[in-house]
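See structure below.
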Amino acid sequence: MTIMPKPSQNIPDRGIYERRESVVRSYSRAMPRQFNRAEHVWIHDDQGGRYLDFLAGCSTLNYGHNHPVLKQALLDYISADGITHGLDLHTDAKASFLEALETVILKPRGLDYRAMFTGPTGTNAVEAAIKLARKVTGRELVIAFTNGFHGMTLGALACTGNAAKRGGAGVPLSHVSHEPYDGYYGPDVDTADLLEQRLADPSSGLDAPAAIIVETVQGEGGLNAASPQWLRRIAAIAKRHGALLIVDDIQAGCGRTGGFFSFEEMGFTPDIVTLAKSLSGMGLPFALTLFRPELDQWSPGEHNGTFRGNNHAFVTADAALRHFWGDEGFIADVKRRGDLLAARLERLAADLGLSTRGRGMMRGIDVGSGEAAEAITSACFAQGLIIETSGAHDEIVKVLAPLVISDDELAAGLDILERCTRDVLAAAYDVAAE
Amino acid sequence: MTIMPKPSQNIPDRGIYERRESVVRSYSRAMPRQFNRAEHVWIHDDQGGRYLDFLAGCSTLNYGHNHPVLKQALLDYISADGITHGLDLHTDAKASFLEALETVILKPRGLDYRAMFTGPTGTNAVEAAIKLARKVTGRELVIAFTNGFHGMTLGALACTGNAAKRGGAGVPLSHVSHEPYDGYYGPDVDTADLLEQRLADPSSGLDAPAAIIVETVQGEGGLNAASPQWLRRIAAIAKRHGALLIVDDIQAGCGRTGGFFSFEEMGFTPDIVTLAKSLSGMGLPFALTLFRPELDQWSPGEHNGTFRGNNHAFVTADAALRHFWGDEGFIADVKRRGDLLAARLERLAADLGLSTRGRGMMRGIDVGSGEAAEAITSACFAQGLIIETSGAHDEIVKVLAPLVISDDELAAGLDILERCTRDVLAAAYDVAAE
Amino acid sequence: MTIMPKPSQNIPDRGIYERRESVVRSYSRAMPRQFNRAEHVWIHDDQGGRYLDFLAGCSTLNYGHNHPVLKQALLDYISADGITHGLDLHTDAKASFLEALETVILKPRGLDYRAMFTGPTGTNAVEAAIKLARKVTGRELVIAFTNGFHGMTLGALACTGNAAKRGGAGVPLSHVSHEPYDGYYGPDVDTADLLEQRLADPSSGLDAPAAIIVETVQGEGGLNAASPQWLRRIAAIAKRHGALLIVDDIQAGCGRTGGFFSFEEMGFTPDIVTLAKSLSGMGLPFALTLFRPELDQWSPGEHNGTFRGNNHAFVTADAALRHFWGDEGFIADVKRRGDLLAARLERLAADLGLSTRGRGMMRGIDVGSGEAAEAITSACFAQGLIIETSGAHDEIVKVLAPLVISDDELAAGLDILERCTRDVLAAAYDVAAE
Amino acid sequence: MTIMPKPSQNIPDRGIYERRESVVRSYSRAMPRQFNRAEHVWIHDDQGGRYLDFLAGCSTLNYGHNHPVLKQALLDYISADGITHGLDLHTDAKASFLEALETVILKPRGLDYRAMFTGPTGTNAVEAAIKLARKVTGRELVIAFTNGFHGMTLGALACTGNAAKRGGAGVPLSHVSHEPYDGYYGPDVDTADLLEQRLADPSSGLDAPAAIIVETVQGEGGLNAASPQWLRRIAAIAKRHGALLIVDDIQAGCGRTGGFFSFEEMGFTPDIVTLAKSLSGMGLPFALTLFRPELDQWSPGEHNGTFRGNNHAFVTADAALRHFWGDEGFIADVKRRGDLLAARLERLAADLGLSTRGRGMMRGIDVGSGEAAEAITSACFAQGLIIETSGAHDEIVKVLAPLVISDDELAAGLDILERCTRDVLAAAYDVAAE
């Protein structure tokens, strides 16, 4: 397999970014290339470089780049002058997507949800979810968790734990309490017990919540994976205290952790689920908020948005659901590859005295510091592997390979990762030993 | 010209919407058809109906549906496996779009802005704008205006005036004060004076603002158009009191009111501008926040989002800027059509004792009540014209025809509108007279 | 009449204040004396100085210092081991006060109010008032007015207009909108119309209010006196929009503007009234929140406070109500003296091209700037007159003489005020003329 | 010793309360008598009843009712026309109080604090404390604890844990996070560790705090006493994270727990201390906020209040400090009595399988439920003992006897308490056994 990274000095002047793009850009700093083409697990730069993509758009490209089935469906749709933009008008594309959602996803799983097409971003799906929870319950407080990430608009940002992101708000973020996630205080403290005690105590200062919002695996917060037992406890606590349970499945859903939803076979059903990222299948902006029909208490247009019906995304999402989720083949592959990934990471971690995080195809290795992690991902990039970090201190090197990756490609990427991790940590050890 | 509306009873069962789509949907209620194809100013349903589109995705389709130039650019890009999703990585598509923005739009207008790719929705662009203003000024209050509409996520929703939309928040909306827009208290009260007095008064209870956010024409709030003098006053007030001026040009920009920006040739330059809707040109989700380079004080990733680099939209936006804005032809056409539109509406209004609103190709007629307006738009739809309402009481019938509409098509649509308006108001008069 | 100011240089070292009292102290800076005794309208320092008191504890000493009737009642009570502190237990003192309130004040005025003993400060009475309004209406927004002052705890401070005081909060002050007071935009703009328009407009951004809180004369905000017509309009607007009308009568009540309540004979009845300052009669901490019985929807202890039953204040308040308000003599005197005061101030203002403010015995003169006002009050103090300023820029010299002042004493104080005003403004004119 | 309770049926009609006093009243419901006289530990009703007072104004009457030394000082002051009300003017009474505070309290303890005379209520002292902390640190969040009680105005109420009291706000209470108090999760969880972990974690969602506010013994929250080690940890955590430590000593201070301050000899010094309740000594409204001189960054009048200089309270507080705190006698008595109280309660608790709470003369017994506690206090009242409950469920019967109580009186009261506790619990046992 050919991986062909290109050194950045060959790159022609790109002053247009300096002149016209805000300094808020981030990934383009660590990967200073100009990309122009991508297919499957590969992304190409304009100097002929080819990179293996273990970032996958932060889990937006679970089916890889420009998957031929999805691409063809979209080309056909555009060629035929299919509706591109129609606000929330009914279109063939929307109807077909909804039918796929019903028959391919919901019915086989025994789930009865209504779909709300929010603005096509994850943060918008979260805003709609918490709005709905507040409306239905008549309460204001939302309980979120340490290290949770839910978006950057003010309502979702209030649910987000990261101090740097929170600080960007410029106003205090209110109406949310952040409680300790599963394992936050170590293995001996059951944080569900802590939450239950405070909610049951009329003098704890924790007001009655409208909702509890949780990721089953915290994508940005360090790939912490909650146990099924803990999640069932949280679901039960929500129910007992009249709060709605929102599972934010934006990063962990769409197959990343095995099932279509990350909470399948765990013994509880969320009241509300948010989806985005890999939902469109091809990386197009698309988001959904799903909820039990009894909760569908919106007035028409009470939450809306110009791009809430992204028909191109309906088309690719429809194709993705039917192509990948119609039988058990894809899911079996993902589970198998997830096990391969786990085995490789655990072996490496054991060798180096490190620990791993995550579940399914959403795993990482804790290398001890953000500095070490950045050194590793930089070294990987120089060898043609795109990979990023996660966690409160960016100390987790995370593997978010496309789910469609072949075993050989996965192994090739992990080889680079392993090599770079060993090198960087050995060098750090040498420095420390001097 | 053939307009072929179809009665809804011919439409096959669409229970999928009842079963699976949230009741929050709105436009599909007033236009109960299944649409499947669209080009130029026409949208087709699956029964062979053809409708003239005077809604244009609420000004998202200024260049009409599936404009052939944009469509071909997108087909070519997809066929060549161009990057679809790349977070904020540099891509050929992004570079080319930024170059078009610089050379076609900014330089000829003497504007020096940096572009921030926020999440691809208008509300996200607004959230980024007010975050930045709060960060740069260290202040918290934002001044917005009566009847303003800026989005549905909590930060933008706080800037929105509409009570029903605000009520959806489920929490009090803070850190924003709504001041009277130009003309709000009638022609004899200069509302800029009122604002100036309160800001200059240390005992007015109005805290020092981080920003003043304003639409030059209020798209959702009733097509109220502020005068250039008033806007200059507001710009001067913002400057004098250390606040940043944000022009929310999401609906009024991209040619809708004549120039690319709605504030051109008015004698002031906003500190921050938000764009979305017609920016991609083809209806794809895309939004920008522009600001003076000195304000570009973001930390990397301080505001981000999975879909902040929608490369498909870069491609169509790039094509749209180069195709429509490279010379003066398009803008001259728009101005001429805007004048035609104004003349027709004013004549009708004069005849019926009504009044008109708006500017450029963003105009409407105040028919006195939401009930009348709804009766008119329903009658129009039955005759094959898609048209909607605006305003605090939905009492304005608004014409948001694609800017590329031909004079004949515009006249045909206005004929339907005129006929239906006369009929509905005459019937109401008869009822009242009985 | 002997007024004997003492120069400050004779004053012994008072380092105890430098060492142990917070720099937050204010009046003691402008009046750097050590006071040790006071009766009637006179206050004495420890150097033998005697000062005429035109500040009267900011209207807390309407009956003067240590009025013999109140003083004797208190001495008798203490000597007899009357209950000093009893939380909210029933005591003879409380019962007698409530009976006086009922028979002397409420019944003759046809008012039917319940009394709530909040913590014994004005700010606490305001906090209780707005809490109750929010509870009863289920709404959150309170409408207050420009230049209003309602207290320094966070709930009341949010209703206060002054920027310096608001800034002390250290957090944004929410859930209150400040609307223009009567005359705020000059004589040609009816600010009640402005408020009505915004409340009637579902798109104005002004949420449905729980309460409108208003002072009939703004004590701290510049002695602005609202007209009865405007107040009736505000009362009607509150009623029409489902908001409770709170009159904050803390400074303007207890006879300061003529009647016991400042709103008597104006043709409207507030839903809630707050009282404090002169309520105890002798300057003891005491506050009341009065409201219509239908609004008395508190749960026991839902708002409480350790000092909510200040029995010493019950005793003196009881004595004050019975002594001063049992017949029409006192009120007639106050009205007559208010007219004298008005005539003197207006003559002076007319002479100097200035304007006056206020109503009853709560009047001032606008000397154009805070600097001039401070020069005048300093000059007055040097001549033995204690007098202070008010207004957004402290530009109003305000006369808050005890209501029991004799005509001669009032004239003596006004002579000093007039002399100092003329001198200061003449000197300023000379400086300006140079 | 004669205790002479009176049955309520002998009490004359008190319709004045029904007609004119708000239903918010609370203690007068459980003790439906009309009281008219009180001395030492005794309070008398108007039917000749005499009650032993184990409530002591919720620790406001640490020196008993109308202590002769304080009473005489006050009578002398009033008789001499001492200043009653002087805003924050310097008076002999204020100077003498500050000198007593300095020489009797601060210097012997090596404490260097400035005193701020806030409005004369505890809640006002707390509001001033958190305002100052926010101003000095430039931060907004305050950390308070489960079961904490700090007052009823909005700023202090946000720090209070009790749901019923919080609910009275009618608006969401923001800018405060409630963390678990010492022992909240049982003896095996060190809640200081939990707090430290969250503050050290940039992704915990807990923003950097301006202050940590804590009671060393939670008076309203159930007499939970924090250990010195835990308090030292909290002090260290505050310092490490740039937050100010506020000890709210309103109920636990003034000798209630042994020393004048409740934190003496614990090895840490708070940055800010609030005092109220027993500070005046005689039950007069009085409150203080003390802070390190470096923190005295107020502008003049930035926080003020009409009754901030309650001179009567200065007089009695001055007398109390000099009389009780000038030597070690009083404190030794209090400690000895506290030990007696502890021994009696612990013996009773051991007998009945119950547990005790508290420290010094601030102790209680957990009787398992609010119903049991109310039955016990009702039974006590019928036998002439005034005693109340505390805790999240009102399940703690609390003994807050005046500190000046004689050993015999203390024993007499405890005899009643013991008898009633045994009877009530035995009866409950019988009922349960049936």
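Per-chain residue numbering starts at 1, and chain names A, B, C and D are given in the order in which the chains are listed.
The rule we apply is simple: a residue touches a chain if its C-beta (ideal position, glycine included) is under 8 Å from a C-beta of that chain, and two chains touch if they have at least 3 such contacts.
Keep in mind the model is a prediction, meaning the values are calculated, not measured.
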C-D or A-D - the one linked by more C-beta pairs in contact: C-D
Recurring contact interface, reference B-C, options A-C, A-D or B-D [over half identical by residue number]: A-D
Centroid distance [mean C-alpha coordinates] between chain D and chain B, Å: 59
Length of the line joining the C-alpha centres of chain C and chain D, rounded to whole Å: 31
Distance between chain centroids, defined by C-alpha means - chain A, chain D (Å): 50
Residue numbers of chain B (touch at least two other chains): 140, 164, 171-172, 174-175
Residues of chain D touching chain A in the complex: 140-141, 144-148, 160-164, 166, 172-178, 180, 184-185, 189, 193-194, 197-198, 201-208, 221-222, 391-393
Chain C contact footprint on chain A (complex, rising order): 171-172
Residues of chain B touching chain A in the complex: 14, 16-17, 19-29, 31-39, 43, 46, 55, 57-58, 60-61, 65-66, 71, 74-75, 78-92, 94-95, 98-99, 101-102, 106, 113-117, 119-124, 127, 130-131, 133-135, 140, 151-156, 158, 164-165, 167-171, 174-175, 210, 250, 276-277, 282-285, 289, 291, 296, 298-307, 310, 312
